[in-house]
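First comes the structure, then the notes that go with it.
Naming follows writing order (A, B, C, D, E and F), and every chain is counted from residue 1.
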Amino acid sequence: MSHTLLHPARVIALGETMLMLAPPGHELLEHSREFITYIGGSEANVAVGLERLGIHAGWIGKLPRNALGRKVVNGIRAYGVDTSGVVWSDTGRVGTFYVEWGADPRPIRTIYDRAYSAATTLTVDELDWTYIAQAEWLHLTGITPALSATCRQSTMDIVRQARALGIHVSFDLNYRSLLWTPDEARAAWVEIVPYVNLLIAAETDAALLLDASLPRETLATRLFNTYHPDAVVLTCGSNGSIAYNGVQTYCEPSHMFHIVNRLGAGDAFDAGLLYGLLTADLQTGLAYGNAMAALKMTIPQNLPLIEKTDVLRLLSGDTPYLMR
Amino acid sequence: MSHTLLHPARVIALGETMLMLAPPGHELLEHSREFITYIGGSEANVAVGLERLGIHAGWIGKLPRNALGRKVVNGIRAYGVDTSGVVWSDTGRVGTFYVEWGADPRPIRTIYDRAYSAATTLTVDELDWTYIAQAEWLHLTGITPALSATCRQSTMDIVRQARALGIHVSFDLNYRSLLWTPDEARAAWVEIVPYVNLLIAAETDAALLLDASLPRETLATRLFNTYHPDAVVLTCGSNGSIAYNGVQTYCEPSHMFHIVNRLGAGDAFDAGLLYGLLTADLQTGLAYGNAMAALKMTIPQNLPLIEKTDVLRLLSGDTPYLMR
Amino acid sequence: MSHTLLHPARVIALGETMLMLAPPGHELLEHSREFITYIGGSEANVAVGLERLGIHAGWIGKLPRNALGRKVVNGIRAYGVDTSGVVWSDTGRVGTFYVEWGADPRPIRTIYDRAYSAATTLTVDELDWTYIAQAEWLHLTGITPALSATCRQSTMDIVRQARALGIHVSFDLNYRSLLWTPDEARAAWVEIVPYVNLLIAAETDAALLLDASLPRETLATRLFNTYHPDAVVLTCGSNGSIAYNGVQTYCEPSHMFHIVNRLGAGDAFDAGLLYGLLTADLQTGLAYGNAMAALKMTIPQNLPLIEKTDVLRLLSGDTPYLMR
Amino acid sequence: MSHTLLHPARVIALGETMLMLAPPGHELLEHSREFITYIGGSEANVAVGLERLGIHAGWIGKLPRNALGRKVVNGIRAYGVDTSGVVWSDTGRVGTFYVEWGADPRPIRTIYDRAYSAATTLTVDELDWTYIAQAEWLHLTGITPALSATCRQSTMDIVRQARALGIHVSFDLNYRSLLWTPDEARAAWVEIVPYVNLLIAAETDAALLLDASLPRETLATRLFNTYHPDAVVLTCGSNGSIAYNGVQTYCEPSHMFHIVNRLGAGDAFDAGLLYGLLTADLQTGLAYGNAMAALKMTIPQNLPLIEKTDVLRLLSGDTPYLMR
Amino acid sequence: MSHTLLHPARVIALGETMLMLAPPGHELLEHSREFITYIGGSEANVAVGLERLGIHAGWIGKLPRNALGRKVVNGIRAYGVDTSGVVWSDTGRVGTFYVEWGADPRPIRTIYDRAYSAATTLTVDELDWTYIAQAEWLHLTGITPALSATCRQSTMDIVRQARALGIHVSFDLNYRSLLWTPDEARAAWVEIVPYVNLLIAAETDAALLLDASLPRETLATRLFNTYHPDAVVLTCGSNGSIAYNGVQTYCEPSHMFHIVNRLGAGDAFDAGLLYGLLTADLQTGLAYGNAMAALKMTIPQNLPLIEKTDVLRLLSGDTPYLMR
Amino acid sequence: MSHTLLHPARVIALGETMLMLAPPGHELLEHSREFITYIGGSEANVAVGLERLGIHAGWIGKLPRNALGRKVVNGIRAYGVDTSGVVWSDTGRVGTFYVEWGADPRPIRTIYDRAYSAATTLTVDELDWTYIAQAEWLHLTGITPALSATCRQSTMDIVRQARALGIHVSFDLNYRSLLWTPDEARAAWVEIVPYVNLLIAAETDAALLLDASLPRETLATRLFNTYHPDAVVLTCGSNGSIAYNGVQTYCEPSHMFHIVNRLGAGDAFDAGLLYGLLTADLQTGLAYGNAMAALKMTIPQNLPLIEKTDVLRLLSGDTPYLMR
């Protein structure tokens, strides 16, 4: 079959996608009559972001075989992501979480209800490695090892297996304080990170991994020198992002934006970063990452349903509308 | 304090209340953009039904101390039910379930996601027995012992303790096939039912308890003779309801209705039954029960938010509107 | 009955609660297809605010015995407020008002439709004084005497009766220009304020009572010296709040916030103030009041459905989210 | 100005139009988070119905000069009805009423909140008789004299003035039990009906006017012989409608329908009747009336927003869809 | 690449999918404030139906490269249908149509606004025949040749090309009176049908093609004998469906159902028919077709988002819920 | 008929009004489940704005005789605008466009779907010139000649005919880049503008007409000297507006506002300008125009549903609410 339309995914993102439930607007979880349903998962966000930019991506997770499991998969493949690698389970639940959007000084509030999900039981042997082997790149995050002891082991197994197959591995630390302590996270990460090609971290998570509060350039350099990835990328909120590849430090400033939904901005960055890397270079990756992150802030869904023309316009410096 | 306004609940209903999530109208769980939130719990339904008829009721359950736990309690005390006996927990989750309403021949579909809820960990010692002792009547259902081994033990303990305190106990078998097998249910019920004053059962559940398919009058008699409650009441869907108290068999026909939400109709019956019993007699109980069940079918919520005047009108035979 | 669960309300707030109808978002009353229903009443807001902070409160009003009257009561007792003192009427209507939220420079617009409500006919004799006598504190506002001649008389009667029973009385002037003129208000207030323990006023209302435009410290001092309450508290918008108790002037700055619904911010302040006073002192009262007022601005309802943890976080100076 | 586009209304309907508020679907007034807004007024319904059939109509009422008053007028003139005769008031309120749709055996429930509306103060002198004099026909209902003593007098004055100007008057008894007693209604009607050209009544209202339970043909005849209108028309629900003009009795059967909103069906009948009379004869009037009434049942609004092609199809006997 | 996950579609359905806009519930196009968006296309419905039953399907259409074009594609591939064969255009519009659901005797009303859509310009050369050649079966309908002269020619070209490649062709006549006259349809169909393996038609469309009103068995036989397909299948509404394959006539009765959305029931039948044929035989195809059609009636979307377990339950005769 | 109630429109605005469809809030066209329906047309906006200020206006367009055509007309005459001059067509479609509101840096996005609308076929002979001749003023925009070759000719014909009848003509250039190129626009405008009494243009459109980037005062002067209208008015966004009448240059600053819907702000300006001119002078026109434009920004609809009291308050400098 030489036909290119059924081409395999170039990048595969693996990790739990949950059902997220949130009241509309500024309403309260305690009071709202209805919850809007969202698809919530860092890795699926990255896969969708890559599709929007034109790189075919796949997403893998483990889900129960029911209407809610299908709801998650439908919500991802609707945007072109290949989901044929999903592991379907006859037991377990779909992980859920509740979000109340807040308004200053009332904080955004999250209630996790994700324990015992099917995703927490995923093992390396359940995956279709023939399928994964077709990909060039595998993207994981630090959320997966935090889900369960099983998942911590699986993450290690998956990373090793991928590298053994010659697949590039990117890993975004993505610390989740509701899932584990800093010490637990660090203990898991230090075992995984040595196998990673591209290490991505929010500045605070980088400091957590190194257990040291340092200037961001120092964090990047030290992570590179300690774990020897191909590159380290740090996101620094309104201070933009930086990267270090052992040769040079790259910087890109961030963009201004109106916040509609801040969830998934880091994942949109990752998608832009991978796109830039796969089609050009690290500098381009930071630029696309920052543009994707800014545009994501304006999208009501967690998925970065961004139009590539808007990214290009932002990269070109054309911002005709006043910030308001 | 002789003031009667802060009078204690006359009837207390004890059992899990969950957060129910359902798409609007005929929408699918798999497709719907939003879920309407409901309060779902058989015993809380009974408590609200009693309040609507003018008998002060309390509801007891165990809930985590967060916005979703408060959502459940708010949704019950809004209708006057006393919730001061609720057991608040710092751990555990709110049990949830998803409902898709269906349309013939597409069935109503339920996805339970209630495992590991705070309610499954309730023990007899966590209850405030001084509070319960103020009540005249305690209502329980066969759902509670089905929730967990802990709850099966707690149900026995609670029933014994209540009787020891001189409180009347009603028990509605309420078999739930998604929670346990018929054999498991029967094994638990036969230990509980001997302590029960008023045994209530759907006709099919009565047959399940007796492990015998019999005419409904025989079911009622045999249950009475086997377990010696004060009375046995059977609900028989469109065939109305019957009761047997060792002396006489009572019957009441059912009413016609337009179905808006069929969930909670049995609980509404229980509320009407208890109201009739507490204010008059068994015959009256059946009559109020059937009227409450029919009116409940027309209420969008699971809670029987019925106006007493509508019950009285129905009991008087005044049905000015054609069934359509 | 020594049981503490059925403890009486420590603070009782008395005053009309209405049905408020408002189009969603920025929609116009003239154009909107639907109106969102709210519960609107200054005193009920205070009662709910106290419950959120952990002080059991009661609310008293007069309502017709119909679905709309129940709607109002349900909306208050859902949050734990004791409503057993409500006066139910077989005649009269539920007061209503319509609100259009506006957007600068289009003002928020209110259409009052509250004349002839059941609440305008409340008399002192209709109240259950045995019930009220269980409370430590009674909170009233200057809206009540503005409702009708009957209510003006009732307010005087109630304040006198409460003081005679040893109950502390707080009174928030709450001038409403749609209900009466400044002169009418002043004439009524000067009769009531001498019986008040805690006088609360927006700075502009204090000036109206004294018929003098003065610096706020002077307003507070002069009110104290004229009417001899235990303390005078003035709210000054973005300038925070001050208090004077004959000994010392206390000040607390206000907080920044994103406005979701500005209605009820003053009532949330009152709840925080009473909480601080009842559990600590006047300075604490101002601090809690300002925090409650800021958080209220972010709540879509008029009721201050605030989480106490958010108040504590704000008081601790922990504001991790940038104002946006 | 000979231009026919600005032609005067051929029929004018005069009577109060209110703001109606109703929960969506089967929701309860007591529980629903939102109310859908409707325009509710028997006479305005007739005017809109006439416009749909192609006869230019005007509507006159009295409303306060605010957003809610404009909401009522906008909702009527949107369908082409001329509202330039409306009397605007600087005082008074818009009459309102609340409707809960019900579901068998739960009845449709109405809470009137229309006392003290601006409409209750309308007098004959406030009307622009030059404007009215341009019309050929004036339509009134028995609701207007029920609103207030002022309105009872005004109705008499208006009917007399219209007849003096040579305008035909139709009057639909439209008894409203929430507004007055049968005796009060009869006392008012017997003064008005002698001035009426076309008397329209539901069968039960005809019996009420005559204070006699009689066969419908007898009711029609006796009304004709007692009050000497040009014709008497009786609507008899599923039994269709009949008319008597002193010469002959006319009958038309009713149609089957699926009920979406039953409010305004009688008014739609009146519009069809007037259309038939004005363009053909009494028999045609009954036929159009019955078709309009059936189609109205399927319209969510109270206004009969019917397409004339659907009326013609129904009159032609072409009903391709099975009743379901 | 031997991996089966990226297997090609077994059946490809080709034809326009439009954006459908419809007011919620019984609301009117003329009055409704909002329109719900749907995906509307007979062939896409068939593809989705096949996926639900477990047969991988593809859909091909021509769409403009904008947000609305993506909306259509997202709405199809969300359910697993392969859309990689879609022809994207830089010009042209997305075809739209408006639907008002109606209520007896008010008919369902459709306003087509599909002229000049991108789909009307599709030519055989724009298709990726390497992609299509991977499929076993191609499904088309009589809507496509009705769209434009271009499409009439394309349909002929596509059918011939498919047969030349050894692909089976099914064709559902699907007469659309808003697109062409009976004579125009017949003229086009007689050129296409000779190339068809499976001819599917509603009974009335079969009569239109033969220009003869005949018993359904005769229609089937005569169509078979005239055009020599492998089989002819006729759908007869509540009379079920029949098939004739030159050897035998097959019949299956229809099921009862509650109508939520009748659009797409015929397409759901086609999906069930093809599933039965591809996995078993003609008799099975009729049975699955009738079950799919009945279940489709209960789905709010046009797409047959049916659960296969519901089909199996219906085929097994297990219908536990009373028709209501 | 001397009666003033049926007075003719003083100003008539002529031009296409479309059906606009937009997702709620920040939702995406590609993702949103529903579209809110709006009426969208520059000239209709002007007519409604004039009615709000108290000047009777008419609107003329050409629409198909179906539910969507009526939807457009209902949406305009609801606010008192006379629509009796509308040209109804038995063919053609209602022009539509889709709007996605955006959020910085994601732009507002418009998809035009207006080709082949009935409005594009309007000719001068289809208009009722007796009706138009009753008006004092005719308002047109540069959108009309951009719609089709037919419309370009019609615009010229209409402008000439109006002037021949002694009607004042205002023309707002309103360049639409999705409809034609700058060169095409300029070519059409230079033929029309010489017949215009009042030329209105955004600063950028003025530059486009003159094909020269110049200071705004110079643009105004040069336009005046080139085309000899009675006055030239330029709108300059946050820089306010200016006017030149050959004698003097007038300026008015703009107001601050919170943007709810920016569409139609220029049309609201035009309405304010015409009101000022017709009731006072050019300076007053600029002041009303700027106030109307600012208030329009806060209205969810495109129609300037502004209350005149808000305009007067803004003109008086009374802005009690802080900009937030």
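The criterion applied here is as follows: a contact is a pair of C-beta atoms (placed from the backbone, for glycine too) under 8 Å apart; a residue touches a chain by one contact, two chains touch by 3 or more.
Values in this document were obtained by computation on a predicted structure and should not be read as measured data.
*Asks:* For the interface formed by C-F, which of the candidate pairs A-F, C-D or A-E is equivalent, sharing more than half of the contact pairs by residue number?
*Replies:* Within A-F, C-D or A-E, the interface duplicating C-F belongs to A-F.
*Asks:* I'd like the Å distance between the centres of chain A and chain C, where a centre is the mean of that chain's Cα atoms.
*Replies:* About 47 Å, centre to centre.
*Asks:* Between chain B and chain C, tell me the centre distance in angstrom, where each centre is the average of that chain's C-alpha atoms.
*Replies:* 39
*Asks:* Going by the touch rule set out above, which residues of chain D reach two or more other chains?
*Replies:* If we look for residues of chain D contacting two or more partner chains, we find 28, 30-31, 33, 67, 74.
*Asks:* Taking chains as nodes and touches as edges, what kind of graph is this: line, ring, star, complete or other?
*Replies:* Topology of touching chains reads as other, fitting no named class.
*Asks:* Would you tell me which residues of chain C are touching chain B in their complex?
*Replies:* Touch residues, chain C against chain B: 1, 3, 5-6, 8, 67, 74-75, 77-80, 82, 84-85, 128, 130-131, 134, 307.
*Asks:* Contact residues on chain D for chain C in the complex?
*Replies:* Those in contact with chain C are residues 21, 28-37, 66-68, 70-71, 74, 93-94, 96, 98, 100, 109, 111, 113, 115-116.
*Asks:* Give every residue of chain D touching chain B within the complex, in rising order.
*Replies:* 25-28, 30-31, 102-108, 259
*Asks:* Help me check something: in the complex, which residues belonging to chain D touch chain E?
*Replies:* That would be residues 255-258, 260, 294-295, 297-301, 305-306, 310, 313-314, 319-324 of chain D.
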